[in-house]
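Below you'll find the structure, written out as structure tokens, and then a few comments.
In order of appearance the chains are A, B, C and D, and numbering begins at 1 in each one.
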Amino acid sequence: MEFGFCLSPSSHVKMDTIDLTTFNRLKETNPDVNTCIACGSCTATCTAGNFTEMSFRQLLLMLQRGKEDEAKKMIQRCMLCGKCTLVCPRGINIRKILLDITR
Amino acid sequence: MKENILIIGGGAAGMEAATQLKKLGLNPIIVEKSDKLGGHIAQWDRLFPAFHPAKDVVEQMLNNVKDIDVRLNTEVTDIQRNSDGFKATLSNNDTIDAKAVILATGFDLFKAERKQEYGYGIYNNVMTSLELERFFRTGKDDRINNPKKIGFVHCVGARDVKVGNTYCSKVCCTTALKQACEMKEVFPDAEVYTFYMDLRMFGPGYEDLYLKTQKDFDVKCIRGRVCEVSEDMDGRLVIKAEDTLFGKPLKMTLDVLILMCSMEKAKSIDKIQQQLGVANNSDGFMQNKDMYLGMNDSKQDGVFVAGTCTAPKSLPDTIGEARSVAVEVFNYINNR
Amino acid sequence: MNQYIFHPFVLPFVLGMAFVLTYCVVGLLRIIGQLPKDDRKKFWRSLVTPKTAWANIRDLFGDCLFHVKIWKRNPVLGYMHSAIAFGWFMIIVIGHVMLFTLKPLEGVDVQGFARTFTNFYYPIFYKHFATETPTFAFLMDFFLLMIISGILIAVVKKIYSKIVGVKRITKFGFADNMIRFALWTIFPFRLIAEKSNIMAFWWLYSIDLMIFMCMLPFTRYMHIPTEALFILLRHAGLKPREPRKGYALAQIYSCPSCGLCIDACPMSVNDKNSGNTSAYFMKKLRNANDEEAKRIAETCMQCGKCVAVCPVSIESCDIKMSQREATPYTINSDHSYLDSISTEVEKSPSVLYFAGCMTQLTPKIMRSMKKIMDAAGENYEFLDKDGGICCGRPMMLSGKKAEARAMIEKNTELIKKSGAKKLVLSCPICYKVFKEEYNLEGIEIQHHTQYIEELIKCGKIYVERRDTKYVYHDPCELGRAFGIYDEPRYVVHSVGQIVDAKSEKELSICCGGSLGSFNLTQQERDEITANSVNDLMFNNPDEIVTACPLCLKTFSKKSPVKVKDIAEIVGEQIENC
Amino acid sequence: MIIEGKQKIWADYQKDIPDDHYFYVRSCIRQAFWPGSEVTFLDITRNKLGKDFYENAYHTTCGGIAYHSDTIPQETAMTIIARQFALMKESGYENYVCSCITSFGCYTETLETWHEYPELEAKIRQYLWDSCKKEFAKPKYLAHASDIIYKFRFEIAKQMKFPLVNVKTGKPLKVVEHIGCHYSKMFPSKGFGGAEYPHVLVGMIEAWGGEVVDYPERRHCCGFGFRQYFVQANRGYSESNTHKKFESMEPYEPDLIITNCPGCPYFLDRWQYVIAEQTGKTYGKNGYGIPALTYEEVAGLVMGYDPWDLGLQMHQVAIEPLLEKMGIPYDPKRKYQGLNGKDLGQPMCPSCIKSV
């Protein structure tokens, strides 16, 4: 039967079931992925972010919330220019992490 | 010069003030309602930011007050001002004549059951920060059975108009991270989450603790207040919160949830406070004369305040205040 | 058969020699075969082109035998190398000359193959078979002693490397140690054998030679024969395309693991990282340890100092880049959003200034450039005043050449549309890619050091000199990459007094901020920076001047004195005229 | 679960309501959805409990639907409510009880607003006078009809014929309680048991022998939400809410859902059919759904009313398995007969969820 509507997917991030393989692998080689304090400096300075929605801060969260596909899509915008790495107050090696995510 | 100074409260502030007053040649008398000195700090296992055993600090303080007149299991039931100072009646019917009174009555921990949505007292595995300290001290708690997922909720009873406490309780952020690390030490395989609103790492070494928490202990800090806790069929806790940095609500199952309860002014002193004419400020703590130069003075002559009875404070803050109140009282006695 | 013409002890040598020759020939064919077609063509052509042919001869002698480069850097080591190499070469040559001039085989009944066979070993063991003229005897003894003197230095160097001014030497495995021991003992044995004619020493001598030659292909001493081929390939103007094939392979085998690059590498300031230097990188490649090679390639800052100091001129940075390119990532870059960026220009400037990403983080450079260009009365425009597009170099540094194209093309389009005749860059990182990868025909590309020098020289700006003592730091991608050493020094000199750093120009030490490295942690970078600053502070300058926004930013954190960009010091002292 | 903790909260959230003489107002949609419920309520209170519950023929909607759908301003809604209060005054009553949770929310909200802003109350008083020439008095006590049943739950238990017990196993039925959002979520002190652990339905279940199921999504809205349901394209949100609740309660295998709001039982009932159509999933046993009843229907059942007189045939989810569990006799033939015995015709039976 056609109802003209359907069940909408839950917007909840279901932390019990999300797949964190990529993030956990990343954490092994880059323990500093844990140290983000979400200040947003990386996003504010991002060269690609000037033209797109690219945000490394969000990208890290996407990986931690099981949205790997979204994260990988976002990386495609990156120019690897390294400004984010320079401004990160926690000294996170962002360029390396970006590359490692795609490995 | 052996004037009596009545100190109500035998916690960190009371003990330290007494120690200093004794050194200054006065005669401090501590009235403590419980059966031992030390207050809340004596119930703590280790102290932030460096995981220093609280026992060391408490023992040192206790050692300092060895020769001081301490009345345990005693409360001040009545206090009257007279030409000579104050006359206090104690619950054991003793009376004390004192030239000055120091209120060092500290705080009550926020009653976690007041935040009904967290289910403290209803769900088996919800506990408070204080109870967790007891677990660290004794290694025993029925609620902690090799948990795999552990959650901490910050600001329980703080920054929350719904419970009438709009202030920040100052020490819970650092305490939460400390306890999160300690849980990770005890249960290395567990995942530990903290749900914070802001992480207020205000003191020396505190930010380092934060970094350590993230990097070495792999504690996951999620910005967002837990809004709802329920129990699933296995008695595990299902919590909901928003990851405000990610902009999405999240749901997860935890084995134990620890509520970081805020400080509220100790209620048991209300009557004495009233008799002395010491008002409360808008946060419900005792009003001091002013927050810069008169932090140890109440608005009443001869009545002094120290420690967390005026606002949430860390231990070093409290000790600092206890020392300064001793000097204030000393000057007050000398200039009378 | 004359008993003096053959003795069984020559057999080990002959076997070893036969093995090594076969190996070399096969290796040579393999390398040539692995070259891409156009490279191979280039190579053949270079052999017959007089200019390259001459260079080949010059370097074969200069580098392989006399080790001119090492002499220049360190005479003791230079002597050590040339004593052994040239001495050995000479006793072989003289031995053969002797064979022909004295004709010791004349009248001996050996013909055909046997004759050739005898020719093969005769000069190596000649003293056992014949006596020579005093002149030859003197020459042979002279060069033998020369070799032994070189070996003595080598032994001392091994025991106490600092005596020859080398802090760290490469750590070797069993094979390398073993062959070295063989090398050390060959000539003393020969000396004893020749002087005493005790059979045992002839045997030892011959066996030593066999060990040396049989192990040669599997150890660093393979650089001796390979270097000759490498020189030829290098002069043919090739670039390594794949990390372990063709030209790169020739380089891998040409690396003598001497370890000069270890001390030179800025990363070596941390002992842990000295294992990430080029010498080890080449070793990992040779051992086909891809995982490690990849890791080292990505740790390298691409500062180029190892290349600058390499006595063999191994292009390790290029090989590392080819290693990065060989690593397959699935970044799937999608820079299609660049298409929507407008290319409209408001005015048509004659000079276009492109600050670049890094300069966006050091706005004082931009401000100074604006001031300078205003003072010079230039008709200029900022290409990226509202945040531009990355030049593409960082992407290329990660080995993604194709991905960088989208940015390069868009920038090219923007630059061409502007109609400017000159493009001025503040960032050497950009400069390198603009020079090497952009096709901007008719547009002059200058780094701002060159541009400011020009402005001063042609009197467009007047800079008031002051009393400050400056030290100038050569950014890697300006100095070592393009040899721009004099322009910035001229500019700094126009502003104030210039003092030397401890390490200058092609020996300048990377600031540690390099975008080239992916793996270095902040702490490791800080150590490099501190070391580089120390080096710059050698003559107690008042201020450090650099010409790279990244160096500026990096040094500023660690420097005890002010760090400024060259544009900034000019901007401070500028006067309109 | 620590039951003492809940009991402490329940003790803290008790409200004072009288036990007799109420002015009763109906719900707009319940009369259409569950026509038996309000009749049963009045029958129980008047005839079984012997109380005075007066109903005025001139009472209207409270305006809640229009108010929550943003089609009328609050002043209009308040004036409608003022008129209802005026009718109560004219009828000589002081205690006001409403059948609808939305109405209860609106009344509470209005009274609280007037308390905080007396000038608004004066304004409404004027509006009412201008429009109807009526004057109102604020009720002395405001109750929801479920509060009344809660209050008399033990009296009802005394007259109980069929407790909430599975007659075959002897075990209590597992009952999910679902509270209408506007009952106490807005003003926790106005509901029995407060907002987090409401006791109003739990009290009934326990008094009548059932076992309460506390499942993780217990607090969640049924999904009615006026704006969600009224626009067809948005109904997916509404359905998804219900779906979430069923997914959460499913493992507990509840026998019955009991509700105190007009919309909740309707949506908890009908969406089970839609979910079954769309996903093929049913939440009861053997292809049945979980019956979602009103508290009056449950009260009627336990007191021995005939299921068809209670209007249980109006439920999409078949009620028969529940009746069998409770041991309530019923005549299958009467299911689709009117009160006069006339055949009303059988509805079409969906294939995805069992309806008989």
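Here are some notes:
Just so we're on the same page, contacts are C-beta pairs under 8 Å (C-beta built on N, C-alpha and C of every residue); 3 or more make two chains touch, one makes a residue touch a chain.
Bear in mind the structure is a predicted one, so any value in this text is a computation, not a measurement.
Any chain touching chain B that also touches chain D appears here: A. Of all chains shown, the one whose average CA position lies nearest the global CA mean is A.
Across the structure, the highest number of inter-chain C-beta contacts is found for A-C.
Note: centroid distance chain C to chain D, computed from Cα atoms, is 84 Å.
For this pair, chain A with chain C, the centres built from the Cα atoms lie 38 Å apart. Rounded to a whole number, the gap between the C-alpha centres of chain A and chain D is 46 angstrom.
Counting only residues that touch two or more partner chains, chain C has none. Shown for chain B are the residues in touch with two or more other chains, of which there are none.
Contacts with at least two other chains are made by residues 32 of chain A. Shown are all chain pairs that touch, namely A-B, A-C, A-D, B-D.
Of all residues in chain D, those touching chain B in their complex are 1-2, 4-6, 8-9, 194-197, 214-219, 251-252.
Across the complex, chain A meets chain B through its residues 11-16, 27, 31-32, 34-35, 37-38, 57-58, 61-62, 64-65, 90.
Contacts from chain B toward chain D in the complex involve residues 113, 116-117, 119-124, 228, 230-233, 235, 238. Looking at the complex, you find that chain D touches chain A at residues 232-237, 239-240, 243-244, 274-275, 277-279. Across the interface of their complex, chain A is touched by residues 199, 210-211, 214-215, 218, 220, 223, 240, 243, 245-246, 248-253 of chain B.
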